[in-house]
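Shared between the two complexes below is chain A, which has chain B as its partner in the first and chain C in the second.
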Partner chain A sequence: MATLTSEIDCSAHTTREINQAIKRAAADGVPEIRLTNPAARHCLAVAVMTPIHVIFDGPVGWYCGGMSDGGRITVNGSCGWSVGENLMSGSIEVHGNGGSSAGATLRGGRVFVAGTTGARSGISMKGGTLVVGGSVGYMSGFMMQRGTMIVCGDAADGIGDSMYEGTVYVGGSVHSLGADCVEAELTDDDRALLAAELDPHGIASTGVDWKKLVAGKKLWNFSKHEYDAWRGAL
Partner chain B sequence: MEGGAVSDGIPRGRDGHVLQPLWVWSPETIEDIQSKAELGRYTNRGLGMTKRPPHFEDLTFVPCTLSRVPLEGYRETCATSIEIGGRHGAKPIKLSTPITIAGMSYGALSRNAKQALGMAATRAGISTTTGDGGMLDLEREASDQLVYQVLPSRYGFNPHHLRMANAAEIVVGQGAKPGTGGVLLGAKVSPIIAEARQLPPGVDQRSPVRHPDFVGPDDMQIKIEELREATDGQIPIYVKIGACRVPDDVKLACKAGADVIVIDGMEGGTGASPDSLMNHTGIPTMAATVEAVAALREMKLEGVVNLIVSGGIRNGVDAAKALALGADAVSIGTAAMIALNCNRPIYLEDYEKLGTVPGACHHCHTGLCPVGITTQDEDLIARLPADEAADRVEGFLNSMTQELQMFARACGKNAVHDLEPEDLRAMTIEASAITGIPLVGTNFAFRPESFAQAVADAMAAATTNGHKAPQGAH
Partner chain C sequence: MCGLCGFVYKDAARTGGVGRVLHGMLLPMGRRGTDSTGIALYGPPEDGSFVLRARIEANSGTPERVLETLERAGGVRDHAMEGPNLRARVAYDGDLGDLTDAVEGVPHVEVFSIGRSMEIVKEVGDANDVERSSPFAAFEGSHAIGHTRMATESVVDVAHSHPFWARPFPDISVVHNGHITNYHKLRRKLENQGHRFATGNDSEAIAVYIADKLAAGESLEDALRASVSDLDGTFSYLISTADGIGCARDRFALKPLLYTENDEIAMIASEEVAIRSVDGDATLEPRELAAGEVRWWLR
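Right, the complex of A and B next:
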């Protein structure tokens, strides 16, 4: 019978040993595994494909939870670049700040970063939901294909540049829109979605001047008659 | 003669005098300008460069005669196999012959083409590679050894597929257009392809060139670690680089932890790219091979980090020359497509509809490939039955192996990997300067160190003969 919680002191193990232990615990049906002293180590909880709740007590490095499918990861600390990259399903919650490329190429599931993230957050998202409690850096949402990005703080220059599809919501200020990113009207469905995503994290979605950003679709197919739209994109 | 005319292929004026075309404003340049004026942007097309670069063609083998003893040409054993990618303890890729099929996307290629390449690779005992658009089930089933590409776009990237792969290849660039992503024009983004890539159907897809989750070589080291963690360290990690600053790039890839480096020269093919990039970016495969081998040697990693070279490899002869220069294997893309049936003179009316002819068709970007290779049109795909197409590619791969063995035996080697630079001579001063191989008839390599040595020899000879060394020669 699997124990309810397993605990590992990361300082005593290699990254491979830690990841193998997480995968073994998940395969054994252990519902929760707690990892202490992660010390901002890279590539932790990568490709966890079986449901389990992985808890890191402390900061993690790059690629935490990358390529995972179906697990739940909680980071009680900050994380490095590319948290949850290419996540297929499941969730990652970071109770700290994130680095650049948070939620890059997300295909499903949810990535939540309570603090601020860096440049290119939500780059090439192909699905799923990225929620950033603070602000996002330059060119976030670049080439977004599908999915939802919610930025409670400010968006730096070039938000949503060259989006194909998907939706970006920004609660704070938008420094500048990227190529072919346009503002759309916020609907009741949008407000309901924002409430559903933010309420569980204790973040108020009302009383905020949400900006809804989508693709202008002028870059979908080339037209020489709209060269101004393409000037910076070709 | 009333007006100007072309007689015997020579343009002539009214009075019959020859009208000389201008070199700068050649008919090709005039057409290029006028087609861009109409289109309003750069021109895209498929296949590869139109220029002739310094090439393996400029090298010749000098087989055994009296000074060396050859192996019996059509009989004696000549080994061809090699294992690659075991540097960090992963299960290596086993190639029965030092050839691999290069990454070509499902999307640029039809499913039948991808399946046929997998079948042929399996029959020949080599590996094939996915492409920008993820792993096709048919391709995985057909391929005993499948290399899964990790591209900047990550279109269709799926960690479950990664774990089903036999190796992973981080694509930093492509020889046809290093520094720029690919293009898949709307005509080929069918509903099926669009869904595989999570894109809107019919969109002109312009792939990114920078990876979304890392930037430079130090970051790539962490990406490689992530891929190893995702695959429990079981599969080799390749890094594919478009040939540019090869010595630096090879060293950085080694340092980042690559098990295999793929260097793709400027002759490399593409499904669709800006024409100007194909002709004016990167360096030729022959030059890239020499620089990559030198870089590995300098790092004392020759044979540890395996080197695959690609870009315009047309046959076993090019492959033999690449091996003689130090490559562990070659990769073929366009040649494999041509073996499938690309540019075969059948369905002539469909070539005509595209405004092209077999032998000069590079209209892959249109999605209307008459022979069913670079298309997503069901009627056209049906023209390429996978099993028959696989037979042709297998036949071509076998011919490449035979040619490799033929040159190795002639040079007295009982393994193709024993081919060496000494087996070659350069046919042009340019090839000699690039490769360091002596020019035919001179026994002199046109390289700075050779000139320095020649000066030193002359000085030594002058001193020995009691003559004063020439002034300034030091």
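Right, the complex of A and C next:
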């Protein structure tokens, strides 16, 4: 495979060959690499540590872009579980639906999924921003520790369960809050942040009944006087 | 970990190469397990007869004894042996439990399925191993479900391979990914109702549980919805009847399951890679089932 390849037909290569080609292209300063026929294959463009724009023309599978640092990934299709898991910095844009655990353990950067994502989206986020154009599934934002999650659609049961820190914004309905997740007042700074995040995608942030969800912090320290809160969480 | 696949033509009059589709879907699902692989195929219903699929771990003379048993039961219209696998069309109008017992009364015989539409083939190994043992890729029919297994609960052999027939109910089969934690309680309850089990696999109990409800007159939708409450543990499963396919995902969404559909077909799979592995409508957009969600496609 030529070092400066800027277009790869995935159907002709193993996943390892594809990922090595992406890394070689990034190291050689190729600004953009386009991958056709990804066919929902797993583990594409993982651990890309040098800036490059990786474009997938078609759906990708699980763990796309995981552990990457500083690149830009565009998926013209859907993605599977755990897109952008442990992303350090950079961005991933998915122009389709996502799976469960989107943006799991996100540490930095930005993951955008235009459609819906599944259960446990943004689980254990430690930074960065997860934006979901549609709805998120059960227990999304579970044990979130830092960062921002923006859900333009609905949040299924248990949103923000046991979150330590961070902020979740929900534009649609909240089916139920998770343990120790509470609603906070939306400020002008919040509205500005939502506009800055959503405008580039052509998603209106005004005229939406945004709910801002944060940690109630009752689970930070055990208190026998708040035993019921602990019993509910456990 | 196991892989699930399903495909259905929505139009009741439509049939096509469902065997080829399932073969294509099952190969990439081999990454979720290749301990064994199996498919329940649904063709046009037989008129006045049943199709029996069985494994005969052959002693010499055993296939003949099975065929004699079928002749006594009603008559063999035709049959074929491929290696240890028997396919026979049987004229029969009695209870399928009795017929199954009679056939399995011959030592070293395991009945995979008896149905008017349904035929189950399975084998230790991947989809190509099934194809070598019991060619199914050329099967023309209305719908099919398939499974690739990574065993966690019971032994790795063909008897414990999915799909499971909900014996003795004709044409009902299940494939399952997960672990039913109230299996023993559920099985005991069904056994107290008179049902019998062929294996110690928890997935078989799902098939019998749903079949029991359908036999009692419940709709597939109601049976699916009830299962989400009645089954404990982790599960994504597909259940197929002569009329179509249903599926359900547990309340914690712990096992993957997604679907996609257009006006003509629906596809269900553990992972999208199974859907993209067959030539088809590239514009199909998959969507995960939500926690506790059920869906069904009846022809």
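To be clear about the criterion, the second predicted complex is superposed on the first by the 228 of 234 C-alpha atoms of A that agree within 3 Å, B and C clash if a C-alpha of one lies under 4 Å from a C-alpha of the other, contacts with A are read in each partner's own complex, and residues count from 1 in each chain.
Criterion: a residue touches a chain if its C-beta (ideal position, glycine included) is under 8 Å from a C-beta of that chain, and two chains touch if they have at least 3 such contacts.
Please read all numbers here as calculations on a predicted model, not as lab measurements.
Q: For A:41, is the partner it touches chain B (first), chain C (second), both, or none of the two (neither)?
A: Only chain C is touched by A:41; chain B is not.
Q: When the two structures are laid over each other on chain A, which of chain B and chain C touches more residues of chain A?
A: Answer, by number of touched residues of chain A: B.
Q: Identify the partner contact of A:59: answer first if only chain B is touched, second if only chain C is, both if each is, neither if none is.
A: A:59 sits against chain C, while chain B stays out of touch.
Q: For A:97, decide between first (touching chain B), second (touching chain C), both and neither.
A: second
Q: Taking the superposition as given, does A:156 touch the first partner, chain B, the second, chain C, both, or neither?
A: After superposition on chain A, A:156 lies in contact with chain C alone.
Q: Is A:69 touching anything from chain B or chain C once the two structures are fitted on A? First, second, both or neither.
A: In the superposition, A:69 contacts chain B only.
Q: Taking the superposition on A as described, I'd like to know which of chain B and chain C A:81 touches: first, second, both or neither.
A: Touch partners of A:81: chain B and chain C.
Q: For A:16, decide between first (touching chain B), second (touching chain C), both and neither.
A: Touch status of A:16: first partner only.
Q: May I ask you to decide whether A:221 touches chain B, chain C, both, or neither, giving the answer as first, second, both or neither?
A: Only chain B; A:221 stays clear of chain C.
Q: Following superposition on chain A, which residues of chain A contact chain B and also contact chain C?
A: Touching chain B and chain C on chain A: residues 42, 61-62, 81, 120.
Q: For chain A, which residues are in contact with chain B within the complex?
A: 15-16, 19-20, 42-43, 46-47, 49, 61-63, 66-69, 81-82, 85-86, 88, 101, 104-105, 107, 120, 123-124, 126-127, 143, 145-146, 164-165, 220-222, 224, 227, 230, 234
Q: Which residues of chain B touch chain A in the complex?
A: 39-42, 153-154, 157-160, 162-163, 186, 197-200, 202-204, 208, 212-214, 219, 222-223, 225-226, 228-233
Q: Provide the residue numbers of chain A that touch chain C in the complex, in ascending order.
A: Those residues of chain A that touch chain C are 39-42, 58-59, 61-62, 78, 80-81, 96-97, 99-100, 115-116, 118-120, 137-139, 156-157.
Q: Under the touch definition given earlier, write down the residues of chain C that touch chain A in their complex.
A: Chain C reaches chain A through residues 31, 251-253, 256, 258, 271-273, 275-277, 282, 285-288, 290-292.
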